[in-house]
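Heads up, the next two complexes both have chain A, just with different partners, chain B and then chain C.
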Partner chain A sequence: MGEIFKPGVKLSSAVCKTQIMALRVPASELDVKCGGVPMQIGDPEQLLDAVGEMSGTLVGKRYVDEQDTMEFLCTRGGEGTVSVNGKALDIKQAKQLPSSD
Partner chain B sequence: MGAREALICGDARMTFAELELSARCVAANITQGEKLGFLAEASPAFPAALFGAALAGTQFIPLNYRLSVEQLNTQMQRIAPAKLITDKALSIDKIIPIMPHEVVNGAPYPGDAPDIDGGVAVELFTSGTTGDPKSAILRHSNLMAYIFGTVEFMSAGEDEAALLTVPPYHIAGIAAVLSSTYAGRRMVQLPNFAPENWIALAQKEHVTHAFLVPTMLQRITEYAGDKLDLPSLRNVAYGGGKMPRATIEKAMDLLPHVNFTNAYGLTETSATICMLGPEDHRLAHSSHVPAIQRRLGSAGRPIPSIELQIRNIDNQICAPEEIGLVYVRGDQVSGEYKALGSQLDADGWFLTKDRGFVDDEGYLFIDGRHDDVIVRGGENISPGEIEDVLRAHQAIKDVAAIAVTDIEWGEAIGLAVVCNDEISDDEICALIRKNLRSSRVPSVIKRMNALPYNETGKLLRRVIRDEFTQD
Partner chain C sequence: MQSDHAALYANKLLTDLNVKARITAQADHPALAWQNSGLLQVTGLMLPLPLASHADGALMALKAISPDAKTLPSYGSALLGERARLRQTIRNGRQCAGGYGRLMNTADGRIALNLVRDNDWDLVPAWLEDYAANWESLSDIVRQRSTRDLTLRAAEIGLAVAQDMLPETPKLWFAIKKFTASTRPKPPIIVDLSGLWAGPLASSLLAMNGAHVIKVESPTRPDGMRFGHQGFYDLLNAGKDCVALNFRNAEDLGHLKTLLHKADIVIEASRPRALHQIGICAEDFVAAKAGKIWARLTAYGQDENRIGFGDDIGISAGLATIMERAHAEPCFVGDAIADPVNGLHLALAIQASLTQGGGAIIDVSMCDVLRYAMGDIPQDLPHIAQDWQQIADINRPSFYDMRMPRGTVKTLGADNSVWLC
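Now for the complex of A and B:
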């Protein structure tokens, strides 16, 4: 079960304050979860109990899958772990560009 | 982050938390349905207004305070109804002026920025060097794509400070506020550029980063002579016009510890799309291989989030070294104007109207604006090739080649020359004939005291063309 997302879409965790924004996503169905519970568009009214990993997210960090087919930006940090199709995302080791302005 | 110092302007200093509060005060001044104009020099009200407009869900429209009253009146009528941050006394229908120091005070707007799909962030009048200014539309999605594509959140060290000299109505001025804020870098504003003030402020505030247009860097190096004492400075980015080779070489020699980056971009592309980085600069500066050496005059390679193509007149992709038109594609590219709509093609490509070519490693060389090409008897002549030959001569301080109407050829070459030393028309023509072809020899030469540039260092060819037609 999953959904096709467009870049720019913001997803909120159902188990913590985490919010992520899709920067780069494949045009295929993705099952995005945080703390083991599906993430949703818009904040939940009430938080649910986590059923998965809770290693935390950090605001401003980029998260990618192992094959680097997708990239999400954490726009609000929390306690849950973000996973896509069952695999946890990792913090991208950003290669910084020189300052251009 | 809120406790970090965000902004220094004269004696005023504020933290990021205080900047947010100022932005909320600006937002509280805007009534539903109004836009936010800005007609003033850079001050703390500028970043506050840029973010305040977004909070209020409207667009930020900076105007060029150096334009004539008539030009400004036309532009202001185009943005009404609006609140206008300005210290000028104005009376224009549906434009409500507020002073810059007043707009950042009062009761703050408490809400969050509305998250509207396709929301417009900035409307920017392009410089209009080739015609009447057009109003470029930059959406939040464009500016966000630029920032997320080029900057890391809170990546700046506590010691970092950026010296901002580009005015609010220039895309580089807006991009600098967005990048600095996202990186958590202190902004030091210098509203009125003069080389001695720039150097003094860079020393006083231990500035580490700066962006300059070529004219500014040229004036700094001329003023400095053979010594420039800026130990804190680490990064200088430049763009907004063609950088004379002698200027960048002199700057690199004066500041050997500084990383120089050439940033090529347009208003319509939300600032930088190509970069020539510090390593490219050093390699080109020290190389004896002509193909590497000339990269000091290159716009660099596209940033990772941008695709670039050079296409010929038949819309075919050009081979390396072949001159064509520069096309770009990426989420930061708006390519959209008010009233005209999107100018992107069906596949999302934007024609920059710059001419250029890439070398075999993908470095982009800009050859000038497509509209500036002189078509003499069906042959396309780039002003740049003529200007480069003449500029290398010690007697010539500045030069511009433009198209003049010609009965025989349709167009012919007019040359506007500013001299350091005596040089006759015959000598100028002989110099061109010797280095280029005879078709590049001008039919009219006009001596001028100085060439007209706009305040960000762009040559106003239109003004020169007008001078030639008046005679």
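Now for the complex of A and C:
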């Protein structure tokens, strides 16, 4: 079960305030969850109980998968853990500073 | 040809900082400062505002409150042009001198986009919700979008996008939160967490006034300028101690906090939330030690998490609008011009606070400082541009001397063993 996402799409958590934006995504079906519950386009009217990991998201941080095939930006922080296809995403290290500007 | 533009601005800055001053020295006319600093060459056009003279004035003000003015550079405006002169870069049409920024039309206005970092292009699809393989297809898409949408989304994603607009002059160019003042031991220790140009320039000027500077970098994300023009990096960073700390490592974070407590002056240019997220709050540190100064540099102020670089901030401050009114050609002005202008002003604000016993958080918005330094906007810009160009033509360029680095630069983390114990 999953969906193909385009860069720029925003997904909201169903268990907390987390919102993420897809920056880089593969053109394949992704099962994106937060706190074990599928994330959705647009905020939910009511929050559900989490059924998965709740280690939290930080606004402004980027999250990547282990193979670095996708990257999401946290646009609103919350308590849930974001996972894709069953694997938790991890914080990406900050962007390198430019050598000139 | 001399004028009092620089002196008037110097007195204004010192008055803003509650320092008594009566500077009367004449300095090069704005048109000559523009030319001799290399700014005319890099821009290709005369700026009909006395910005170069105001940079001269900012340095005159700093000299007026410095222990030994002779150790400081000769001309403030020369600092604005030195990187372009070293790297021999010039503006190319709507492309900035550094090469990474472009001015582009939107459906209802103009923006500057600065794709400086290696993987900034990766963010373009998320920004536009569309794919652009090169500048041409990117500008085709941008032309159909509203300025507001483009700037809002860019701010959210962390891309350097600026709206071409001419804001009002801010009432003041800094904000100060006062804490307990106290005389600090001399020489003061500066912990400089900033990178690139503005912050390192400020700490290098304060080092000329005797401060001991510790440059703190992340081993995984060092100052990017280390990998740019070496001669220019040397100018800004020679003589500084270098400490490398990984802020995501608990032990290193402890070392960082110890260093920040030890510092008499902290300079940082991170986004407001970045230090909060690792549990560092300027207020706590300044409250804990009387006389400490904490200077925070942001692109657009503490309330905004927006990023910006020297060229695109110049567009937000109104420089392209000025050039369009004067020459019918909107363009980038100078080379990352907000950076050196801010480095000068930041050094001045810190030195002024130091002479008053410190105990302050000083907030500086790069866009506000640049706009302040542009001054009031006269009506007859095309005429002024013509007149000043004539003054420059008559006097022929006699470029200010290039500066020499003060000593050697140290490698990343070279002084860890000295400072982390």
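Here, the second predicted complex is superposed on the first by the 97 of 101 C-alpha atoms of A that agree within 3 Å, B and C clash if a C-alpha of one lies under 4 Å from a C-alpha of the other, contacts with A are read in each partner's own complex, and residues count from 1 in each chain.
Just so we're on the same page, a residue touches a chain if its C-beta (ideal position, glycine included) is under 8 Å from a C-beta of that chain, and two chains touch if they have at least 3 such contacts.
Bear in mind that the values here come from a model prediction, so they are computed numbers and not experimental data.
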item: Clash or fit, chain B versus chain C on superposed chain A; value: clash
item: First, second, both or neither for A:Ala22, with chain B first and chain C second; value: second
item: Chain B versus chain C as contact partner of A:Pro98, first or second or both or neither; value: both
item: Chain B versus chain C as contact partner of A:Lys87, first or second or both or neither; value: neither
item: Which of chain B and chain C A:Leu73 touches, first, second, both or neither; value: both
item: Chain A residues touched - chain C or chain B, whichever exceeds; value: C
item: Partner chain(s) touched by A:Val59 [first = chain B, second = chain C, both, neither]; value: both
item: Which superposed partner A:Pro7 touches (first chain B, second chain C, both, neither); value: both
item: Residues of chain A at both interfaces, chain B in one complex, chain C in the other; value: 7-8, 23, 59-61, 73, 94, 96-101
item: Chain A-touching residues of chain C, taken from the complex the two chains share; value: 83, 87, 98, 100, 114, 116-119, 122-123, 125-129, 153, 156-158, 195-197, 218, 220-229, 248, 271, 273-274, 277, 305, 309-311, 336, 339
item: Residue ranges of chain A touching chain C (in the complex, touch as defined); value: 6-9, 21-24, 58-61, 71, 73, 75, 93-101
item: Residues of chain A that touch chain B when the two form their complex; value: 7-8, 10, 23, 59-61, 73, 94, 96-101
item: Parts of chain B lying in touch with chain A, wherever the complex brings them together; value: 115, 141, 144, 148, 150-155, 162, 172, 175-176, 179, 209, 211, 235, 237, 239, 259, 261, 263, 265, 271-272, 275, 277-278, 303-304, 331
